[in-house]
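So, here come the structures, one by one.
Note that chain A is present in both complexes that follow, paired respectively with chain B and with chain C.
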Partner chain A sequence: MDNDELIAKLESSSGEGEDTLSVEEEIIHKLLIFQIDDRKYAVYADLVKEIVINHDLYFIPFVPPYITGLINRQGQPYTVFDLKMLFTNERLQASKVMIMKSDSDFIAFMITDVAEISGIPSSGINLVVSSETESTFIGSCNLRGEEIFIINVQEIYNRLANDLQNI
Partner chain B sequence: MTSRTYKTSSAAVKVEAVVVTGGWGDFLINREEISSSIYYHASDFSRLGNHMFQVFHYNGEDILLLDFDRYLNKYFSITPSGKSCIIFFFDIRPGSPLKEQAALFMKTACGETALSNTAAVKITGTAALHHIPLKEFHFFPEPVRTPLVKQGILCLRITETAGIQYLIDLHTLMATQLERISTGYGNE
Partner chain C sequence: MNIPFRVSIRHKILIGSIGIATIACLSIAMLSYIKAGSIIDNAAEQGLTGVTNHLLNLCRTNYELSQKTVNYNLNVADFFVKGKTELRYNRPIRYDAEDQITHAKTPVTIPTMAVEGTFVSNSFGLVDRVTDMIGGTVTIFQRMTRPNGLLRISTSVKRKDGSRAVGTYIPESSPVYKTIMRRETFRGNAFVVNDWYITAYKPIIGAGNEIIGTIYVGIKQSEMDVLRNKILSVKHGASGSTYVIDDHENSRGTLVIHSSMEGTNILDRKDADGVAYVREICSRKNGSGVYSIPDPVSGDVRTKMLQYRHLPEMGWIIVAEGDYDEINSPLFSLRNTMIVVGILCVIFIVVLGTYFSNSVSSVVRNIVNRIKLLKEGDFSKDIPDEDMARNDEFGVMAHHFSQLIQNTRELLGKVRQTTEVLTESIQDLTISSKEISSTSNQQAAAVKEIVSTMEDSDSLSKKVASRIDEVARIANQTKEFVEKGFSLIKETLEKMDDIQNTNAENISGVRSLGTQIESIWEVVNIINGIADQTKIIAFNAELEASAAGDAGKNFQIVASEVRRLADSTVSSTNEIRQKIDEIQRSSDNLVLSTERGTERIREGWERSTKLREVFDEILNSAEVSAASSEQIVASVNQQVSAFEQILLTLRQISQGIDDFVVSTRATTSASESLKETSEDLKASLAKYILS
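Showing the complex of A and B:
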């Protein structure tokens, strides 16, 4: 093998190395897994601002039943959703609220508890493509044999905006 | 090198608001909306009907009156109770949708065609005048803000002691409720 061949092989092998590296560098999504009663759901962790416990909830009228009221965080009111009411038409009894991070849409979700924060590779997330559920869930992932649906926060906000037009 | 100093306004803008308290929470009404008010003993109104809107005879006039207790019961699931109640009188603004809705209601309720330019709201509880810094008021977060404003619930104030307080616009609140009645939802 002369030097030209050596360089050629080196170039080609370094290219393969890059491919391998890109596979190894598959994006890991950090998901916050939370419970609504015993059922687990997830949101992308970078969308969550904080979890608050035993905070006062203030009732607001003229909204759908899946809105439980407002919560005050440093003088900023957040609209609190009851996802159990949204999904199953039953009210959730819970004392924790997950405040979402946003500069414009001040929303929060009542939750039973935080289960864990887990890193899931892109290949581990099954994006939802069916028309029925793609609005509410981005997709799902399998965590230790349990299928966990990932909440589409923006679509839930959009649903409220849409429902309010009919009130 | 020169330096600049910027002065900020030391006199914060304040809103003169009537805080109505009844043990069930607080509501705020802009003082500028109210022309006068009278305290009554709650028992004086026990003979009033069970409707959200009533015709109230006062100073020789038939006046449209909103029973805010019934409004609270219907939309906030609150049943106000107490020994005193207060009636706020206010002038119906020219061009307000309330003028047309009130005329329609009064004509239907008592055949009254010469409509008083005054309307009234009866609330069980007590009232006090407060000067509240404008910065203490917050808009409702979207998207709930728009439907609440349409119903006359303009914005809110959150206090450490009293919790949440809603600033209501009497014209819009009464006009939307009267519109519900005229479109068949009933004066329940």
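Showing the complex of A and C:
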């Protein structure tokens, strides 16, 4: 895409915003689509701080297996989660780390790759209804015909906290 | 040649000697007679020629002198008439003008001519006076116009009857008239009235400068007495004569000067053979001839030798005549002398021949008698002693003949003894010759058998040589093929080396390419890493933008596009990666296949090397084969040549033996013939009486 096209797109985008404001009825959720191996998952984009690559990973002993280790990001120790291990009990081999926003915890997820950031309306998100416990996934959305699960980051935090307390 | 009758040597010698002597004498006499006749004829002809030439010169000299006289006379006569002559037209005069040539008469009337006032027409005082002064004849002519001519009006010329010849005229056809009309003087011979004159005519010019007449002077040719007497005095021999014939057209054949017949025309006179000899002389002008001319008085025919010459100035032919018998009288005398001498010679020869023939024939006769006895085989009698005692060639001949008889007698005795011995030897020779002939026949048959066998062998050798030639040719051809194959293999090996080297370079290149691809791979990984990082950065930016809410909306778009670009880069690098993978696989495959090819090439090179070694051996073998074939060809050709030489020699031997057989047969035949001959000789010798 050249600059002219980009400018045109920006202009159209700003115009649409005005229109949207005028007829706003539905909330658009920004979801970050990422891959663990070949499987795509989504998180709310506003929960993600940044994505780093090839960061030095420090192994931590005596932790649950889904905790891969720690990374030092600008002086802050982030705990790196292996979601594959969490979901399928298999270790993920990846170089990218998705650092999450949190005021209290420094959490990061090991991912294979980042796919895209997509705006999904509320109607496009199918929330998971569960009576027993909070699910690992909040719900799912259909993106271009593909069903993508939206990870419940808070639940993962809770589980971590729970598991760490049990140690 | 068969002689119908027998003539003895004595008579032959006699007849021969008389015949030869007679023929010799007659030949000498004939030759002398003919030669003498020729000499006399030449002498007579030369004499007559000398006479005629002499007279011709004399007449020519006389003519020239006469012409000078006439010129002088003309000057004198002209003195009397020049400037003094006039015509008196008031006194015309009439003439019956007569053409002096045709004698035709024409009446004419002309004015009277006067000289110094004196009329000269029909008046002769002036011309007679001038004639008395100069001699000869003088005439005054007056010109007339109808007809044109010069009319003689006063003249001292007289006709035959003695009258003056006035009234006659010179016609315009005459050269005299033509000359006068050109105002010139005419000089030369002219026919005047009735005779020929040495003349001169000069025109008479009148007061008006016109030609009014002519003055004439002349000397009659025939009246030159000195000349006439001189001509008549010249004679050739006692009965010879000299005379002059007129050759002018109107008087041709007239005797101008003659001892007895002057004035007679003899043009048609003929000799005894009917030849008009005078006419012949006049037509030939110069020459000579022999004519049988009858005497005009007695009628006796005499043979005359004539010599004649033409004098054109005077129109004369001078003839010198000689009597042929008189000229040849010495010849007749010589002939008679020769006849007498010839008869005496013949008589002498007859006597001498008789003596000589008798002398010769007695010895010959005795020898002939002895030869007759020898012919009958009687060698016992010898030549008489008196014949051998002669002191000439016949005595020598008789002596030698006697010696011959004695020698022959001794020879026959020896031959008789030798014949006895020879007969026995010939018998032995005949037997030996027959044996040799038989052996030779056997040898000839054996040699022919060998020749036949050798011919078969020679044919076989030639066939073998031909085949060997073919084999040698094929061996050489094979050698050439092998050399070509060897050369091809060498080229193949060189090519294989090149291929091997090229292949090694290819492998090295492919490996280098793999290395380069690996470096590309690293670059791609770097790019991929960068793209990945960019993507992450873009995501982070997008997240930041997203977190910024509406304020980061535009930034989110930019970040999104950057991310997509990074995605696209990653996607491209992935494709590159796939391509590099494919290239690497292909390169690996290429390396593998090239290495396999290298192995095949190496195997091919090894096989080609082995093939070259094999071809090397084949080439050596082919060269050895070709050399051996050539040696075999040379050997076989030598063998064939030797065979041919042997065959040729054997044929020559066979031919020699055949010839020898023939010779032996001939020898046998000859010895048998010799045997018969010796027996015949023996029998023949038995007939001779030797003592």
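Methods note: the second predicted complex is superposed on the first by the 139 of 167 C-alpha atoms of A that agree within 3 Å, B and C clash if a C-alpha of one lies under 4 Å from a C-alpha of the other, contacts with A are read in each partner's own complex, and residues count from 1 in each chain.
One rule holds in what follows: a residue touches a chain if its C-beta (ideal position, glycine included) is under 8 Å from a C-beta of that chain, and two chains touch if they have at least 3 such contacts.
Quantities reported herein were computed from a predicted structural model and do not represent experimental measurements.
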Which superposed partner A:Pro77 touches (first chain B, second chain C, both, neither): first
Which of chain B and chain C A:Leu32 touches, first, second, both or neither: second
First (chain B), second (chain C), both or neither touched by A:Asp105: first
Partner chain(s) touched by A:Val48 [first = chain B, second = chain C, both, neither]: second
Chain C partner contacts - residues on chain A that touch it in the complex: 1, 6, 9-10, 13-14, 17, 30, 32, 45-46, 48-54, 96, 114, 116-117
Touching residues (chain side chain C, partner chain A) in the complex: 529, 532-533, 535-536, 539-540, 542-544, 546-547, 550, 553-554, 556-558, 560-561, 563-565
Residue ranges of chain B touching chain A (in the complex, touch as defined): 75-77, 138, 140-144, 146-148, 151, 153, 156, 158, 163-164
Chain A residues touching chain B - in the complex, by the definition given at the top: 56, 58-63, 67, 70, 72, 75-79, 104-107, 157, 160-161, 164, 167
